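Below are two complexes that have chain A in common, paired first with chain B and then with chain C.
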Partner chain A sequence: MRQQHLLVATSALGLIASVAIGGANAQDKTIKIGALLPMSGPGAYFGSQDKQGIELALEQLNKSMVNGYKFTIQYEDSACSPLPASQAAKRLLDQYKPDVIIGEECSDATLAIMPIIEQAKVPMINAGSSALKITDPGNPYTFRIMPNEVMQGVDIASQAYNKLNARTAVLLFENTNAGIGNAKVFKETFEKLGGKILAEIGFGRDVNDFTSIATRVAGLGKIDVIPTYTLEGQGLKITQALAQAGVVKGGDGPAIQLGTIWLPFGFEQKAGKAATGYVRIVQFDPTDPRDMVKNFVSAFKAKFNSDPTHLNAHAYDQIMLIADVVKRGAKDAQSIRDMLAQTKSFVGVTGSVEFDKNNQNVKMDTIHYMETQPDLSWKALKWN
Partner chain B sequence: MSDAAISRAVHPWWASRRLGFLAAALVIAALPMMLTGNYWQTNLTICAINVLLALGLDFILGYAGQLNLGQSAFYGLGAYVSTLLITRLGVPFWAAFAAGVAFAGLAGMILATFAVRLRGHYLAIASLGFAVITYQILLNWINLTQGPLGIYAIPPPPAITIPGLPAISFRNPVALFYLVAGVTLLVYFILDQLVRSPIGETLTAIREDEVSAASLGINTALWKVFAFGVGAAVGGAAGCFYATFVGTLVPDAFFITESFTILAMVIVGGMGTLIGPVFGAVLLTLLPEVLRGVGDLRLMVYGAVLTLVVLFMPGGLVQAARVVGARLGLSR
Partner chain C sequence: MTATIVAQQAINGIVLGSLYVLVALGLTLIYGVLVQINFAHADFVTLGAFAAYFVMHALGGQYLLGIVAALLVGAALGWAINITVFAPLRRKGNELLPLIATIGVSVMLQNAMLAWFGPVPYAFETPYSQKVFRVAGTFFTLQSVIIIAVSATTIALLYAFMKFTFLGKALRAVAQDRETAGLMGINPNTLIMLTIVISSALAGMGGAMLAPVLVLTPFAGASVIVKAFAIVIIGGFGNVEGTILAGLLVGLIESFTTQYLDPGLIDIVVFGLLLLMLAFRPTGLISERREENV
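Coming up: the complex of A and B.
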């Protein structure tokens, strides 16, 4: 009887121990993702939308896990600014010790973070910063899945010249690293093709009233396109001011406003009729017929009761790219970096990814052009 | 009985300045050992930089009574002058540091020379205007400052080599903290000597009643220019350290809102005292970081705390400490 009790006790202990060890192993097989996103300040909409895409991707991945790994995440507010971003990065690296980081959205902040993550040898996937310096020369730990400012600027200038037959342009841009960089590339490409830049108008992020700028633009003569590089808040005011001044199509004028991925989905609804005829790059086409995109759209709608934006889609793809490298055998920061560098054929909802030697995605199928219709819906222009 | 003798008789032993400085040095030495990890250690450096900024403003506002909202400009001038000298002309760090401090101090004196007749709100507007102009220059003079394109990879101060000891590299966050905190303590000591000297009494007289001070033969304009020069130079020193600490310089770091943040540090800590701005700067630097655990509510909680302090402790943390001290019978 005593022996039986001993056997039962030993078995029970063994069972507890095996569950505990098994539990510990399961616990150990975790890929920790750190997210450096702006959650305060003028770029806060990036962070909130990124978060939705991330949550959806993690929910899907953690249902079945990848190669036995589950994924966890910690968010830090990096505020689109160098000092808060570098502090957020240090906090994340010190306290959470992530295997991989996603973020930041703003170029200044990303450039400030880069030496910190390089020193910590933790890879970072960026999907929102367009400044060339991020991947030229970049560093071995920073990867960008979106086209840089040159790729976007050259493409949008070429499409404006060739597809819209634009010959004159006025550049409007915020005085930031990305704003100036994007405008410069457009100018160089457009002028090389034979177009003429009538004015280059930069403004600080503190400008709230664009009436005087719109009035000045209205006095510049015949304008075909107005490439505009700014965040949503100022973008809305510019579009409405240009429409009120009768410059752009939304105000029954002749000019077409051109925009980039900086603006979130829903911009048109906020801008109203003024946005009619606006042509802009989005990096996610919700009308894309691929099953992957259809599934993403329906899952997103089911979870958040709204249509996904390109920011949602970008964040979703960043997580799915991490899952892809884990599927290919990556298990820690160094192997994730190495596998990311070898990525050749990842296909996400925003497009495909193949990194060059500087860790820049070279695929152009992530650029989709949309034209805003009078009912504020989009027409996909299928230029790429 | 001499002033010193009176002071010794009135102040209890723990309030002795020498012991205070010794305790401050010991706290500075111990902090990086208590707060380990790169994140907290770099937060300490930010605290030290902000203490410098707050001390500079407090000297102008708290002692000379001049409502200066242009401290962000002096901060930016110190940062850009030293960085441009280092990155463009290859000037050694400490020479560039001295130039940054001197340039900011000179800018403060020039501003004060023109604004010397203004008081209160009018001076606030004039100094705010100076901050706006400086920001616009930093933003738009791209050929010189790189404007919004930013200056990146700014090196830390060069390592110090002491014979017989390993070189002290300021790439190490602890060493950099000791450097910045050491300079901050030195600045505190100098300002403490100044405010306890006849110069401090002169400035206080101007703050309390400028007309009466002038009637006693005090050249109020000259002393206001002096106060601006000293406060701006200290702000410039903070800027020099900021650039080398962050390694990235963009004009947005010196936007006018920074002036209000520095003002909040002085008011929350307790202006007109030197220790108050130290507490204010440390609190307002660390609070947002401590509150990161609160998530999206972080800035709301931060704002609420700030409002409560100003509402219920109009004399700042120093006043609160005095009240608590009096209740505990620790002071007279």
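Coming up: the complex of A and C.
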């Protein structure tokens, strides 16, 4: 009888222990994601929109988990600026100890974070910074899923020359790594094709009134295109000032403003009539007929009661790419890095991903050219 | 063509300078009376901008009523913050405490606005922004005309208030010598309150005027406040006339630097001028004894 009691007690203890161990394992099977995103300052709209995409992806993934792993996230405000970004990265690595990081949006901030995450040997997936240096030479721990400034710049300059028959251009750009870099690539490509750059006008992020810049542009003679590289707030003011000065189509002028993915969806509605004729790259086409995109759009609408932007979509894809490498067997920082480097055929809502030896996505199917119509809707130009 | 460009940039500079003057006047007024720098002034500007935005939209595009609302919101905010923060700290007799408190108020307001209004830039289009006049090769919007008209009227009213009303004279007396003014039957605390309310109202109104120009986010005021501080120093701390002159000068410098040099050099030119003023004319453009400034 006593032996029987002992047996039952031992079995019970064993069961409790196995449950406890099992529970501990289940608890341990977590992929910790650190998010370094701008939550304050002029780039804060990136962070707020990224966060929506992330939350939707995590909600979907954690319902069923991936290979038994659940995903958790911690956000740090990196403010689109090198110093706060570096501090946020150190804080995140010291305190949260993530397996993988996503961010930053602004190139200067991303470049500042890169040596820190390399030293910590934690991979980072970037979806918003276009500066070439991020992946050329880059480092083994930084991955970029969007086209870099050269890929975008060469394409947009070629399209301007060939499709819009542009022969003269004025470059407007913020004085940051990304702004200067993007403008430089456009200039080199456009001049090589035979175009002429009439002026290169850079400005700080503290400039508010663009009337003086528009006046200068108006005095430069016949301008075909005005490639513009700024964040949303300054972009709005530039577009409106150029229209007031009668330079661009939105102000009944001849010039066409060209933009990149820096501007979020909804820019046209804010800029109003001034945005008419604006041609820009967007990296997510909400009318894409693929089921994956349709499901994403409907899930996003159901959760946030609004249409997703390319920033929402990019952030969603970053998390889904992490889930993809976990599905392929990754379980910690090093294996996530290694699996990311081997990524050849990830398909997300923005497009597909295949990393080259520098961890740059080589796919160009995320670039869509849109022209703003007088009713502020988009017309897909289908140039790619 | 060159003459047209010069004329256009002069118009641009005067419009921009008028906006700077509205923001800088409040700063210089507070310094003139309290000998205190208000680091929260930028956030009063931002809150005024948001007040104008929401009132204008609520009233179906009544921008002018938005300006009035911003003025009232600024005044109410100044009154509330003085009652709850500045006045109690002043009573402790330590001049450093209210200064530090202005930094605290600034951070608090910025984060409160971030929570209320979110980080995404607002597009503040007034019914007058799209009305463009083209005269002899130059252009300006109806909004620019309103900016200049409101700025000029505000300056004239402020000047008249200071020079010809009893309260204005009492304010100047407090600025000259707070203790002696108290002995003459003037309540310095009431006058200090009035100064803060006027200054905050000016900031609020400045925000309403700047909002269509600014990239309107909870951090919008910060982008103009550094220039406003520079203007106050160039004009002479506490000197209203100097501030007006310096504001217009900085606006013109910005425009012509953009045209003939590079917009990236604006800060170098403006702050270079500030350093030169500090080195060679620290009393500002219009030299006066400090106690007579306000």
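Assume the second predicted complex is superposed on the first by the 365 of 384 C-alpha atoms of A that agree within 3 Å, B and C clash if a C-alpha of one lies under 4 Å from a C-alpha of the other, contacts with A are read in each partner's own complex, and residues count from 1 in each chain.
Here is the rule we use: a contact is a pair of C-beta atoms (placed from the backbone, for glycine too) under 8 Å apart; a residue touches a chain by one contact, two chains touch by 3 or more.
All values derive from a computational prediction rather than experimental measurement.
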Checklist entry - If chain A is used to align the two complexes, do chain B and chain C fit next to each other or clash? => result clash
Next on the checklist: Contacts for A:204 in the overlay, against chain B (first) and chain C (second): which applies, first, second, both or neither?
Outcome noted: both
Next on the checklist: Under the stated touch criterion, which partner chain does A:87 make contact with: chain B (first), chain C (second), both, or neither?
Outcome noted: first
Item to check | Partner chain in contact with A:112 - chain B first, chain C second, else both or neither | outcome: first
Next on the checklist: Contact-wise, after the overlay, does A:175 reach chain B, chain C, both or neither (first, second, both, neither)?
Outcome noted: both
Checklist entry - With the two structures laid over each other on chain A, which partner does A:133 touch: chain B (first), chain C (second), both, or neither? => result first
Next on the checklist: Tell me the contact category for A:76 with respect to chain B and chain C: first, second, both or neither.
Outcome noted: first
Item to check | chain B versus chain C as contact partner of A:40, first or second or both or neither | outcome: both
Next on the checklist: After the superposition on A, what does A:291 contact: first (chain B), second (chain C), both or neither?
Outcome noted: neither
Next on the checklist: Let me test your reading of the model: by the given contact rule, A:375 touches which partner, first (chain B), second (chain C), both or neither?
Outcome noted: neither
Checklist entry - Quick one: chain B or chain C, who's touching more of chain A? => result C
Checklist entry - After superposition on chain A, which segment of chain C among 3-11, 21-29, 75-83 or 93-101 overlaps with chain B? => result 93-101
Checklist entry - Which positions of chain A sit in both the chain B and the chain C interface? => result 39-40, 175, 204, 206
Item to check | In the complex with chain A, residue positions of chain C that touch it | outcome: 1, 4-5, 8-9, 12-13, 15-16, 19, 114, 118-123, 125, 129-130, 132, 134, 139, 141, 210, 213-217, 219, 223-224, 226, 254-255, 258-259, 262-264, 266-267
Checklist entry - Which part of chain B faces chain A closely enough to touch in the complex? => result 37-40, 42-43, 46, 136, 139-140, 142, 147-150, 152-153, 246-248, 250, 252-253, 255, 289, 292, 295-296, 298-299
Checklist outcome for this item: The residues of chain A that touch chain B in their complex are 39-40, 75-77, 81-83, 86-87, 90-91, 93-95, 108, 111-112, 115, 133, 174-177, 179-181, 204-206
Item to check | Of chain A, residues touching chain C in the complex | outcome: 39-42, 44-45, 47-49, 175, 201-204, 206-209, 211-213, 215-216, 219, 232-234, 236-237, 240, 244-246, 251, 264, 269-273
